[in-house]
Amino acid sequence: MRKVFVIILLILVGYFLTNTFSLITFGENRIGNTSEEKNVAAYYLNNTKEKTSVANVVTAIVVNYRGFDTLGEVTVLFLATTGLGSILFRRKEDEDQIERISKPSSSLVQTGSRILFPLIALLGIYVFIHGHLTPGGGFQGGAIIATGFLLMLISYKNFKAGHTMLIWVESLAGITFVTIGLWGLLTSGSFLENTLPGGELNNLISGGIIPIIYIAVGFKVAAELTGVLDILLNIKPKK
Amino acid sequence: MYNLELQNNLITTSVYGSAIALILIGLYAVLVKKNLIKIVIGLSIIDAGIHLLFVAIGYIKGFTAPIFSPGSENLANKMVDPVPQALVLTAIVIGFATTAVALSLVIRLYKHHNTARIDQIKSLKW
Amino acid sequence: MVISPVHYIAVPLLAAFLIPLLSKFIHKELARIVPGIVFLYSIFISITLMLQIGDKGIISEVIAGWQAPWGINLVFSPFSGFLASLMSIIGFLIWLYSYNFKKIDKEQSQKYHILQMMMVTGAIGIVLTGDIFNLFVFMEITAITAYSLTSFYRERDGAEAGFKYLLIGSFASVLILLAIMILYTQLGTLNMAEIAQKSHLIPTSLKTTIIVLFLVGFGIEAEMFPLNGWAPDAYSQSPGPIGAAFAGIVVKAGVYALVRVIFTLFDIHGAYDFLIYGGLITMIIAETSALAQTNLKRMLAYSSIGQMGFVLMAFGIGTHQAIVGALFLMFNHAIIKSLLFMSGSYLTYNSLTKQISALSGLGKKLPLVSILFGIGAFAIVGLPPFSGFWSKLYVLSAAADKNMLLLIMTILAVSIVEIIYYFRVVSTLYYGKQNPEIEIQKPSINAMVSMIALGITILVVGVYPDVITNLLENAATALTDKATYIQSVLTQNLPIN
Amino acid sequence: MNSFFLILLILLAGAAISFALGKISSIISGTVAFLSIASASVLFFTQLKNNTYIEFPLGEIQLQWGIDSFGYIFALIVLGLGSLASLYSISYMQNKERTGIFYFNFVLVITSMVGIIFSQDFISFFIFWEIMTWSSYLLIIFNKKDVKEIGVKYMIFSAIGAYSMLTAIVMIKGNYNTFLISDAIQAGAFNFTNNEYIPILLLIGFAVKAATMPLHVWAPKAYSNSPMSFTVIFSGAMSKMGVLGMALVLVRIFTFNANNEAILPNFSPIILQQTLAWLGAITAVIATLYALMQDDAKKLLAYSSIAQLGYITVGLAIGTKLSVMAALFLAIVHGIFKGALFMVAGAVERQAGTTDMTKVSGLIRKMPFTFFTALIAIIALAGIPPLGGFVGKWMLYESLITESNSYFLVILVFFSSTSAFLYCYRFLFGLFLGQEEEATKDVKEAPITMIIPMLILSVLLMVTGAYPGILFDPIAKGMETIGFNNVTWDMSVLGNIWGNSVNMIYVWLTIVIVFIAAFIFLTLKGLKGTRYVSTKDISTSGEIPLEHENLTFQINFFQPFRRAAAPMYKRSMDKIWNEIGSGLESLFNFTRKIYTGNGQTYAIFVIAFLVLMLLLKDTLFLN
Amino acid sequence: MIVYVIIFSILSILLIASAIYAVVQKDLLIAVISTGVISLILSVFFYLMHAPDVALTEAAIGIALTTIIFVITIRNTTRNEDESIDNNLDKF
């Protein structure tokens, strides 16, 4: 009964979705001529190169034009970590009984992860340092680093992700982000304003504050995702 | 198969169609499956569909990625729409955060009720 | 530094990122104190900016130096400013109330305060932002914190409530994302002012789809029937002050978004009727469901939903006076329901069960809290001389201007239901048999201060509503004056680059 | 400072101070309450001149306060009775708990009634009305007896009344764009032919407070269960607020011509009038029948109050000069004698511990002053000459017979007022005469502060009986204010259209002389050879009654009557309302099952609603 | 062009198939891995639609992290959708 009703509903939903998207042609150029700047996309494509000296337009949008969204987004992650901590909170007295969810891994795995971890971390750092030049950036790099930590967390029974370090990294990265924003407000009158010189396109050091913010985002995301994993892995498994 | 229109239609169908299919399949899981984890899986499938749709509306046939790599500095007029991509980036991360919270709730519910079936977790009603 | 609306967001964020460091390396107490300072600062900003804009001005603040359509902007109009100020004040009082709330674990209190502060910040962000996707991001901030806070207590069924909330809330975000997507394909912009300016260009069939998606998506946040299944659970299972925050802050943000979409983005008359009927049905179902509740907080939750239905309906009437009434209702609901949740949570805390019957005779043991609860109950059902009466009067006379006799009758019939269940609680409190075994935990000074502040506000506004009506008039004008909104957003603050 | 504000301020301050002092001593608290009410009354009657008005804005709303001759009538009742009742309650409330709350609400009720009298605009009228409602609610449940049933019922009916009034008020605002009562009257807002809803809704609102069928069901228990010193106000003054409103509206439901004579364009206003008159008459009959069956003196008085209010309603509804005058006269006199009777009941309750007539009797020797008050008040209540009650009833009958066009109505009113003799007799006999009970052996007379107000009220009753003109004067002025022309009256002569007349002073003198003679004769006779026996001092067929057996003559007092009238008691309005209530409750219980508790179901609701909206989108959101 | 058509078609079929499989599969672990496959295919889609940033993000977050938190959850709760089979997810 419920199933039939749901399927009827789904058919209707599907009908409306198809109907709607049949009106939005796939692959159509809705930007128009970029120099006319009829819409935001055109404006971004037309101006990013000159005004921000960032090669990756998506990065420019994510970090600068819509940097506020990104700030919100890292906040969401931060809050998810905090929320997870509160949802899966254990009292102090339970703390001793923590058991890693995996049995001790074989030494092969352990050695492998120990070798792999710096490599993965380096890759992540590379990704977010070059966020303004190539695809990738803070989120991607941060997620990659978190994957590296995941390896360590599951292969070493007692690998603590280092709460103190996580807190430091997370807080400092967040504070950097907001402080840069407030610096912009202070000096140029608008929050997150790109106050540093743009530099040359396609140089590593270019784009003003954009790479700095993206690096901060990278560290923050890495710390937050690691924090999420850490919390989840620390749950006492059900007997 | 050389019919250009047919090719276009096929691509359109495969992108939009699979996105909409993902949404519907995810919805089915959320609305019918009783297992909490299945429901969360359903939610992330819906999210995936939405993300695909989002990128798809920014796609412009024959254009390149919105990156001024060396050698393509003057292709501003030939780049796909970067805005949806930026939005999807945000949406993916937010989706992940939501999924993490959802899963932690599932863990707690399981510990509390010793079941992961949504129709048995009804201590709050009316 | 010049005070600007962005401080509403930036300062709490900075504080939120700082708190883990501060509490770990300087002093643990800082985790609880800093949010209070932040809220005080928010109130300070509110006052400064409200004075700055005067009667009609709108401050449109751009972010990152990009002029309105290209970048994100924050709009501080009398309308959004009113709501932001209200949220800051309620947020502060809730912080004050929960400053040393005994039920919150010491170790948990840092997380609690961060989450609570960010929930308010997210709601303020929703209200202030001028960008539809940014609104979505702030909605997610609010939502994530709300899910976590709902399931904060381990000993209750918080997780269940949180999961339901999350399930429905995810639908909301999916629907809103879809709507934003379709909107973007049609207009190529995400700026709300520009959308408002160009919305007539969208083909009708797409436009209606967008509206439906927005209405249902924000309707979930605004607790519209039948989208509000999550609400009673979330209210009743969350910590008491968070129930207050839901009623006073989170739902308000949802209503704001809904109203913004209807009044500013798409000026659609059909949507007014939608609000009226949606609000009316919400009100009837919720209030009648509240009648049979045995759990105090769940009863308050249903009552809250019913009030939100009333607010939506008042907005749906659509005249200037009705909007003033609706805003007045929002204001009243924020302060009164906060008071009810705060005092109610102390009362239930001191009873053996959470049931209403267990409250009997507590009026003697907790006299001040009970009187405050009584004031709240009298105010929410709209008895003069408490503030609830005036909002009801405004809305009713606006409805009478449009000759909606049936509507008036229904509202008042529902109010009678409301009177029944609130008076049942009050009479149980004061005239029930006492249970001598209960040990009473007296509320702490700070909690009393915040409750008394709310109680006094209710009385003062009730006796002399003029203290607030001027603000409301301006806010209502700002909401309906679409042209000024567009103008001030799209031409102010030229880009610096 | 303006006297209006000063009066209200004194009263409010009195409320606040007596609330604060309630913890310390109930006597001090009560004294403060009495002093504030008394000084407010003094201020009112000395400082305020009739037809003075003040205006002040509250936001966009223009408020107007003032006092006219019509309000003056009710101010007499409210403040006079209020002062006496507050004096009375000092001793009555002595040694009771939570007296702070009692006096706070007591003074607040008085304040709000004064406010109602002041209000010349609907907003302040409604505000004070609601304050009156909730503060009296807190007093009704003060005794903690049947809190849920009585309190909730009172609140529901008050809310029905208040909200119909509010609906009417906002409709007046919507149609005529004014909140001022005078403007509304000018614009013909109460005119039935202009708008049917406004007068009907207003009348519903006032009828609730005046306890008119079928909205009376809250009244019996509310009257009998609140502390007696408040019931004095509740029944004596508060119900008159309903009368005030009804009088205002009913006068204006017709269209008037230039000479202020009603034009009768169609029958609808007449039907409304007749309906109300019939409702009043039926209320009187039914309440009288129920009053007969009560064993508790307080309940008896409560039903009797409802019956009396029924007469007043009839008088107002007939709407002629004479009938309205009769109604207003009855309203004042009812305030006096019902106040006195409730004071008597309170005194008996305080001294003997109960007012149950099967347990208390023969108090005449123990409480002579109380008995005297009861006697006088009962005479007035029954409408026996020479007291005020007679004058009112006389006028009412006259207007009913000559002007009502309906003899059935007359029959009903006659029936109920003759039946009223039965319960009047019972009250007096049950409490004060007859054999003394063991349980009430040690009863003493009530303290002096309770006796004084009772005696003052008895004296007032006698005076109004001899010189009804004292009351006719303000009533006539008041009636001229609300729209009657040339209201004539005489100090103590009642006339009728056939040219006969009665001079009340002669009647009074005659009866008093006869009464005194009889009193002396009976006392002398009684002194000689009366033997007092206890109720247990009997033996039935040689059986000696057991100790706990109750053999009072009071049990099943009107048993034969009850048997005869059994069908009347079978189906009461109370039951009907209860059935409606429980029906609604089960309906609500059914609808709330929508919240099944299953999150998935809620999700399906969302999607279903979304689909529904998508299906309807083109009809709903087209423009 | 035609290559694209073929790739898109095959990918979309795979996508839908793995989505359906993720929903119907009773073993939650396999279902979760299918969800990971969805993310994988999705990131290919993104790459093909000239959204390398999104593709990277989806790859890092969708494939790796989302999957791993699902697996942790399953480990902590139950592996079987109907909860009849014992949870034997001791190592992974």
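The letters A, B, C, D and E name the chains in turn, as written, and every chain counts its residues from 1.
Here, a residue touches a chain if its C-beta (ideal position, glycine included) is under 8 Å from a C-beta of that chain, and two chains touch if they have at least 3 such contacts.
Computed from a predicted structure; not experimentally measured.
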What chains touch chain B and also chain E?
A
Any chain in contact with chain D as well as chain E
A, B
Among the chains, which one keeps its Cα centre farthest from the Cα centre of chain B?
D
Using the stated contact rule, I'd like to know whether A-B or B-D comes out ahead in C-beta pair count.
A-B
Which chain's mean C-alpha position is nearest the mean C-alpha position of the whole protein set?
C
If we define chain centres by averaging CA atoms, which chain lands farthest from chain C? Would you check?
D
Whole-Å separation of chain centres (CA-atom averages), chain A against chain E
20
Centre-of-Cα separation between chain D and chain A, whole angstrom:
73
How many angstrom between the C-alpha centroids of chain D and chain C?
44
Distance between chain centroids, defined by C-alpha means - chain B, chain C (Å):
30
Quick check on chain B: which residues sit in contact with 2+ other chains?
11, 15, 27-28, 30-31, 34, 36, 39, 53, 56-59, 63, 65-67, 79, 83, 85, 87, 89-90, 92-94, 96-98, 100-101, 103-108, 110, 121, 123-124, 126
Residue numbers in chain D touching two or more further chains are 592, 595, 599-600, 603-604, 607-608, 610, 614
Listed in rising order, chain A residues that touch 2 or more other chains are 2, 6, 9, 13, 16, 24, 30-31, 40-41, 44, 56, 58, 66, 69, 72-73, 76, 79-80, 83-84, 87, 135, 139, 228, 232, 235, 238
Would you please name all pairs of chains that touch?
A-B, A-C, A-D, A-E, B-C, B-D, B-E, C-D
Within their complex, state which residues of chain C touch chain D.
160, 163-164, 167-168, 171, 175, 204-205, 207-209, 211-213, 215-216, 220, 226-227, 229-230, 232, 266, 268-271, 273-274, 285, 288-289, 291-292, 378, 383-385, 389, 393, 396-397, 399-403, 405, 408-409, 412-413, 415-417, 419-420, 423-424, 427-428, 430-432, 464-466, 469
Report the residues of chain E in contact with chain B in the complex, numbered from low to high.
1-2, 4-5, 8-9, 11-13, 15-16, 19-20, 22-23, 28, 31-32, 35, 38-39, 42, 45-46, 49-54, 57-58, 61-62, 65-66, 69-70, 72-74, 76-78, 81-83
How about chain A: which of its residues touch chain E in the complex?
56, 58-59, 101-103, 127, 135-137, 139-140, 143-144, 146-147, 150, 225, 228-229, 232-233, 235, 237-238
Note: in the complex, chain B contacts chain C through residues 30, 36, 39, 43, 46-47, 50, 53-54, 57, 83-84, 87, 90-91, 94, 97-98, 101-102, 105-106, 108-109, 112-113, 121, 123-124, 126
Under the touch definition given earlier, write down the residues of chain D that touch chain B in their complex.
592-593, 595-600, 603-604, 607
